[in-house]
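The following blocks contain the structures, represented as structure tokens.
Across the two complexes that follow, subunit A remains constant while its partner is subunit B and subsequently subunit C.
After this line comes the complex of A and B, so read on.
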């Protein structure tokens, strides 16, 4: 079955990454474009942790001496039409989506940072999704990881992420929004190749044990390929400077 | 090098013994009581060890979600302010934690965005008038105490509630005029004519803690603090995987050839757990689960 934009089932959309796009105060920033999904990420910090700093975690187990990561995702252009036409739930749905994306972004990025080299500090990542055409979490994760790498924060590895969807009976990698709207199952995962770790996985659909394993394998392979590409972009940006 | 709590726990898991004497594959005692709240259409009090959740479900007719004109809707709210010491500064983060849990449980029952089939109703039984009226469940959960496995407990409570609600039969009146809220629907009032959702299709969360190549079921709170790697699977009684969520932030899973075993373990746990729960009579409500390796 041919996909609308002519890609193969396991082909990702072309990636464009550029660093230092935000001026004034940010330690690092990056702009990522994955066909029509466009993301800007800026990194602030590491700042010393003050007493009044907002605590993400709750209850026991809060590490007062460790590093704290605060991820915020903004979707400025989504749902505006619905809000204007007076639908009550639209803005809360957008806020909820922003919170969910922020949580997923933090979950994916935190394991890649060398936290013991940044004790008692607070790192802030602000991500703005300018346009979303499917796989917005994947784009945010890759762009955030790229921004962190270009801003000199000590990292274990780059984190890459991809989304898979089952459209009809076929598994497609990096689906567009149109493909996601018709998919029976979708899965997003973030992977760090040097440690062989899956930092984040979120899957929703209907699988048997075997098919789930196959889909995860396909996702991890796509992440590995994406990792090679992002690494090449990173090296290219350093060389041109 | 000092021995940390985590080292002690990992050593225990390697030797198949945990803090409270359980084996890796043993659940704590699970107790489910239905009908605890008299005026709710469905209610359940579920306890897994010391984790207690009270859930109440109500049913009404409402509009379907966008893009899913034939599926029923499930809305979940979770209040976890009772189980944590709220000293005036942290209530916001507990509030947020409650909302996050609620959205995860909702996702389990509402299924993927693009799917045409609902998770609860594959034949669209919950649809009254396509695109206009469907049955909407609202489940309110209160966490009375949290000793780990909170997502498991919440999903079990919601499942018990959902299966307890009696759904009335309905008739769509055939008239030429269609009102603004859709065609008129009459609801059958006879309680003997109520039907219930099929338990087997309603999924439940099973959380696994991962240590090296081993996995551990049903982590208590202390263990959750030590365990770096957690995966939560949403499985139904036939072992089909509906949802997978990775654990709290900072945890990650070593992706190795072991993953197939982990997936199999989660499905096995789901199947055994749900078949034990579903096959027990209404009177008895105490179970002790031990799931084989």
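After this line comes the complex of A and C, so read on.
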């Protein structure tokens, strides 16, 4: 199958990662570019856990000495045209999507952090999706993990992510928004390559015709490829100093 | 045999070698499924425990646990650790400040209360923290002896710089600190006139201008 941008079916988009793009108090930050999906992630903290953090996590069985991860995703440009034309519910839809992405990012990143080494602290990840052309959660996850690594937070592993889509029984890795729109099923997963651990899976669509397992394996393979790229970028940040 | 060459850049998650067979885990590394794994981005430092460590009192070395493990196999294993970029050798092994029990900290006294002194913790060891943590020194943790005769008001004043040790992470917001050791206590204090005071006796400080004496729990 020929893809619009000339990639092979299992080929990811070109990745560009750069560190320290946000000034003003951030412990670490990164800019990630995956063709036309662009994100900025900044990491704040670890700061002392405040009273206002994560109200919903309080209750029985909550570890008082535990670490908290506060992930915020911002989509400043999404639904802008819809809001301008006066469409009702555009901003609520955007807020809902920001919340969902925030939760997904937290779920993907939290297992990679050595929480026991950061007791009674709160770590804040602010992610702004500047431009989205499909797979924005994957871009956010990879960029957040990169930013965490450059800020010196103790981690168990790097997290990489990829999205797959089924377009007419054909598997497509790292789809663009146009490919996603015409796909029957899609799946996103976050994976820690050195540990071989899947942190997060999100699948939707019609999976009756295709094998879920095969797609999962293809996703894991794509994550492993992405890991090599992220590692290369990380090593480069140290050596250029 | 360590898998990664000395001073090579490693990323979180990279395997460094088999635990207790090739090397032992040092700063910024952890052990997972029998392998020593890097926890942070940085350059690998491979240290052969020197013979000097043998002569020292076991209690005084920080690497006691690692050296004894190496001794069991007859040959000393190298300690692998990761030096974060930017940090100099021997200084602040952990760049990210999170406090744990036993850490020595520098704090500034904020307010007093007959039961405890509240402080802002601003340094861990000699390296500054990103954000100040809250800590309290309870009256029973001010000194080691005659703890029932201690008065907070005659041990600290607001604005004093105190060296203390973290003894507990506490239940709510504040960490619990202790100054119940000789080298812990007030390092720097100002008198009511705003002059830096000098120590004149184990428990008293003198204002050089007004010659007024004030009581403190002074670090010796």
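Definition applied: the second predicted complex is superposed on the first by the 232 of 241 C-alpha atoms of A that agree within 3 Å, B and C clash if a C-alpha of one lies under 4 Å from a C-alpha of the other, contacts with A are read in each partner's own complex, and residues count from 1 in each chain.
Here is the rule we go by: a contact is a pair of C-beta atoms (placed from the backbone, for glycine too) under 8 Å apart; a residue touches a chain by one contact, two chains touch by 3 or more.
All values reported here derive from a predicted model rather than from experimental measurement.
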> Following superposition onto subunit A, is the placement of subunit B relative to subunit C best described as a clash or a fit?
Replying inline: fit
>> Just to be sure I read the superposition right, which of the two partners does A:92 touch: subunit B = first, subunit C = second, or both, or neither?
In response: neither
>> Touch test for A:192: subunit B only (first), subunit C only (second), both, or neither?
In response: both
> Thinking of the overlay built on chain A, is A:107 touched by subunit B (first), by subunit C (second), by both, or by neither?
Replying inline: first
> After lining up the shared chain so the two structures overlap, which partner does A:239 touch, if you call subunit B first and subunit C second: first, second, both or neither?
Replying inline: second
> Should A:184 be classified as contacting the first partner (subunit B), the second (subunit C), both, or neither?
Replying inline: first
> With the two structures laid over each other on chain A, which partner does A:119 touch: subunit B (first), subunit C (second), both, or neither?
Replying inline: second
> Nearest CA pair across subunit B and subunit C in the overlay: distance in Å?
Replying inline: 13
> Shared contact residues on subunit A for subunit B and subunit C?
Replying inline: 192, 195
>> With touch defined as at the start, can you tell me which subunit A residues reach subunit B in the complex?
In response: 55-61, 69, 96, 99-100, 103, 106-107, 110-111, 165, 180-187, 191-192, 195-209, 212-213, 216, 220
>> With touch defined as at the start, can you tell me which subunit B residues reach subunit A in the complex?
In response: 67, 84, 90, 93-94, 96-97, 99-100, 103, 107, 111-117, 221, 224-225, 231, 239-246, 248-256, 259-260, 263-264, 267
>> Looking at the complex, which residues from subunit C come into contact with subunit A?
In response: 9, 11-15, 28, 30, 32, 37, 39-43, 84-86, 94-100, 130-134, 169-173, 175
> What part of subunit A is in contact with subunit C in the complex they form?
Replying inline: 27, 45-49, 51, 64-65, 112, 114, 117-121, 149-158, 192-195, 230-231, 234-235, 237-239, 241
